[in-house]
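Contents: one structure, followed by commentary.
Chains: A, B, C and D, in written order; residue numbering restarts at 1 for each.
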Amino acid sequence: MDLPAILARIVAEMRDAPDRGAVARYIPSLAGVDPARFGIAIVTADGDTFMGGDANIGFSIQSISKVFSLTLALGKVGDRLWERVGREPSGNSFNSIVQLEAEKGIPRNPFINAGAIVLADVNLAGHLPREAIGELLQFVRYLAADDSIAIDEAVARSEEQTGERNRALAHFMKSYGTVQHEPDPVLGTYFHACAIEMSCRQLAQAGRFLMLGGRHPEGGNVVSARRARRILSLMLTCGHYDASGDFAFRVGMPGKSGVGGGILAVVPGRASIAVWSPGLNPSGNSQLGGLALERLAEATGWSIFGH
Amino acid sequence: MDLPAILARIVAEMRDAPDRGAVARYIPSLAGVDPARFGIAIVTADGDTFMGGDANIGFSIQSISKVFSLTLALGKVGDRLWERVGREPSGNSFNSIVQLEAEKGIPRNPFINAGAIVLADVNLAGHLPREAIGELLQFVRYLAADDSIAIDEAVARSEEQTGERNRALAHFMKSYGTVQHEPDPVLGTYFHACAIEMSCRQLAQAGRFLMLGGRHPEGGNVVSARRARRILSLMLTCGHYDASGDFAFRVGMPGKSGVGGGILAVVPGRASIAVWSPGLNPSGNSQLGGLALERLAEATGWSIFGH
Amino acid sequence: MDLPAILARIVAEMRDAPDRGAVARYIPSLAGVDPARFGIAIVTADGDTFMGGDANIGFSIQSISKVFSLTLALGKVGDRLWERVGREPSGNSFNSIVQLEAEKGIPRNPFINAGAIVLADVNLAGHLPREAIGELLQFVRYLAADDSIAIDEAVARSEEQTGERNRALAHFMKSYGTVQHEPDPVLGTYFHACAIEMSCRQLAQAGRFLMLGGRHPEGGNVVSARRARRILSLMLTCGHYDASGDFAFRVGMPGKSGVGGGILAVVPGRASIAVWSPGLNPSGNSQLGGLALERLAEATGWSIFGH
Amino acid sequence: MDLPAILARIVAEMRDAPDRGAVARYIPSLAGVDPARFGIAIVTADGDTFMGGDANIGFSIQSISKVFSLTLALGKVGDRLWERVGREPSGNSFNSIVQLEAEKGIPRNPFINAGAIVLADVNLAGHLPREAIGELLQFVRYLAADDSIAIDEAVARSEEQTGERNRALAHFMKSYGTVQHEPDPVLGTYFHACAIEMSCRQLAQAGRFLMLGGRHPEGGNVVSARRARRILSLMLTCGHYDASGDFAFRVGMPGKSGVGGGILAVVPGRASIAVWSPGLNPSGNSQLGGLALERLAEATGWSIFGH
């Protein structure tokens, strides 16, 4: 398989793609990003790295951070997490409050906003907010083996200023006891996690442990093989909001998207892949990111559903 | 891997399982089935067959037939099918009508009842109902390479007599134009598909083409490799009603369950597996069937999310 | 109070009204009605009749028939009716099926389609469909003291041909046992009730018993005073689908509308009023009919909320 | 009509009523109230006052305050209020957030919690929270002609401490722009309004302007006759949460209930009535309060639907 050629072809195709989606506008820092950007990075199980386009430019990982928050939260409370968060696709948009009311304050899964707010609540236990944020950042740096990864404070502040809907979710779950700390510090932790900035290269590196059955490529286990599989299953069934089924259908890889335009996709035993293009489709997932992964899956046969 | 020993252990464990779920009672033919039954059959990619328990006893495949109806319907209308049926997990129970109203008569996916009624509508085109039923039965016999497979007419009649909810779904979709024929013959076709009777051995045989990238083990392609992958992705995200996420999380295999207590699970490139135990959990999926597949996945490493 | 002058002014204003709404198009017989039509008839408690515009032209009373079906059904089963139908405003559109699923097959009130199908089921008991239809027609003739009132068979047939949504509602309720007869004859009864044709004059006459505390103006009680009050309360809270609150707010009279463009409004102790103009507002209620009643209430002080 | 005798009979019947409902427990100050309490006060259009039971004991008026907040808000912004709040019955429980999401942040009516939070937002404009609270309290004192009416600060504090659900509603509406101020001061205003303490006698006095077509009995107009009618129509269609239809059906008077166990009911031109009994039925309305008003309506013929 000639990955460099495949990547070059995809980058060229994406450069000329007419329908690039719409850049998220809800916070100024995101709205200003150039819609022409496209980057891709692949780390294979052998440890080789392949890159194309704007693979070294940082972007706001937004909801992709939920994968790392989930891994951290499972490390803290294990399967007791599932008493407070479900693991079913939601059937609703990422910030819907309807499902929460019907299901007594238990978010459907950890990858919708309400679920990730519960993750922040779990990760906050015994910490000051800035300690919890620091711990998550350190964890991501360790996964990516890159200490230069940082939080974009301007994005975090913007999230706080426009986060009324997330505030509503947090208070709503507080009323049910699903959120246990005060909503304000929980949300502070949540907003900072969303504001982590990474490049495709860094993100693909951070996803390696999921490709490797939970092992850190530099030694030791991040999580057990079983937990790695389970995180991947959640990415497949819930990783693209209410278009998760469509992503599984078209791409066939566990993946998690963010409104910054990034997607982290993992093929167990094969590859950890990050793509980025800031324009979003109506479901809130990167338009070209999804298309690029579809092309990559076709060219490589990297689908968990056979090849 | 010593599959016979693994199967023997699972059969023994299931024999003694205290919580066997509750047998479906909505039609007399199903209610009378012995809850002590448990069967399992595995056909590997090499063509070997392994069986345990009541693997040769026929049962009503019910919603598992939706996999075969979907394959047939895709063969008839191709991707135009997706104009009339979605491919997202539903977030609701299998016979809910709420989602249908919110989404203008388009069922969320082909594996909820409303979706499978659309499949029946597609498969009825140009046929009398008994021809459409005959065609589906022939297709299943061909997949399983077993001409003894038949429809249990008593079950089909019972379905018709108690099918008011499905009748409501059909008329509702007719009002939106999603269903195009008269509801009565469409439902007749649908009820007969549910009433197909198969053993675990026959069902595992019928699932081989999905394990083999669309190829029939005796030669030729049933569907393209790409279509096989896509059918498997739908089984993973939508195959267990509103417990599909949980099944993916615990078992990690694409699977489709039926209220008769059967489950067809497929590991691409590895195995086609059928289990059967008539007691259901509250989500309507076989209680011991799911548990047995979880044990099998642990013992064999057969998960699409890594091993 | 100079009712003739008030009516003349209203008729003149309605003749020139620029926004007349849109005529219902779902069946051909309704779609062909002239949108320029406007009629009004008032029968006072003294027995005087005042008319304006097209008060003697027949139109399809559609959902207004639900008032008469309810009165008849209460006569047959009394308060046991409320075990099968609620008496709360629905918060949803007239033919929504969502509420039915959430509330286990019990329609919210007798004036949404699902509720009126239950009324038809009650009124069918012990009858052939044509007997039940005949009984309702006789009852309406008796109330209006006018034997010329008839059913428009073309409308009834059109309703049957386009009634898939109502068919869905009936089968859905049959699955819960709220509907007890076979859906087909129940729907036949329902569709014929909707197809009764009356003029404003006839309709205002038929509403007199509600103005008079249950008494028939020609002697005897149609219902008890208490039942008359209760029917009026249902008209006020549920008589205009999901715009009932707005009608109460603007007009302040118990009223029931139909998609044929008619409204029956009753001021207890004062007046029985019928208006008709075929153009509907987005909520499915007569645009000019509602406006005319608002004007009438302002001019006469006929509001049940004070004057 | 012998009102003293009627009241005496009702008080005796309520004293012995076996099913008294359950006292609200969500805040300590309410949970401690004696469930044996029952009071009733009637002020007639002539200015006579009749009382029975615990008519002079203060209780927390809770949601009844929404009537006064609405009157005040209409005085400030007039019909522009209806751009931010609907006037339809909700079909959901008093603190549901589902409807808000479906209808883009516009509460269905001013008498559900979300609607009353918008009223607080309107009444806060140009004020500090304590000024807005002071203005509402002064307004209620003026209506009741009783300067001893006060806010129970312990109740207000309890509301604040347990108000996560209302906080969620406020932030949710803030995200839509329906709430314009910061949620914290809006909620402070809202919680204090709920914590006003009044006796039945005071409450019946405060309701006189609605009985009198908007006139203050001591001279001048509180609101226009038309606005008084409209407030009464909202009380009838929306005043008892999702049991408003049932209250209209059984009692036939515009009324507004609160979880403190009070109900204010008004018969235009006849009577302003307050009842209080702290036990609630499952819909959150006073069990004996509703029953007492039903008995009163039967004995007096005071129904707006005829007598």
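Quick note on the criterion: a residue touches a chain if its C-beta (ideal position, glycine included) is under 8 Å from a C-beta of that chain, and two chains touch if they have at least 3 such contacts.
Here the structure is a predicted model, which means the values were calculated and not measured.
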| item | value |
| --- | --- |
| Chain whose mean Cα position lies farthest from chain B | D |
| Averaged-CA centre spacing for the pair chain D and chain A, given as whole angstrom | 47 |
| Centre-to-centre distance between chain B and chain A (centres being mean Cα positions), rounded to whole Å | 32 |
| Centre-of-Cα separation between chain C and chain A, whole angstrom | 55 |
| Sites on chain B at which at least two other chains make contact | none |
| Pairwise chain contacts, counting only pairs that touch as defined | A-B, A-D, B-C, C-D |
| Residues on chain A engaged by chain D in the complex (per definition of touch) | 96-98, 100-102, 164-165, 167-172, 174-175, 183 |
| Residue ranges of chain B touching chain A (in the complex, touch as defined) | 86-92, 99, 108-109, 213, 225, 228-230, 232-234, 236-238, 242-246, 248-249, 252, 254, 268-269, 303-307 |
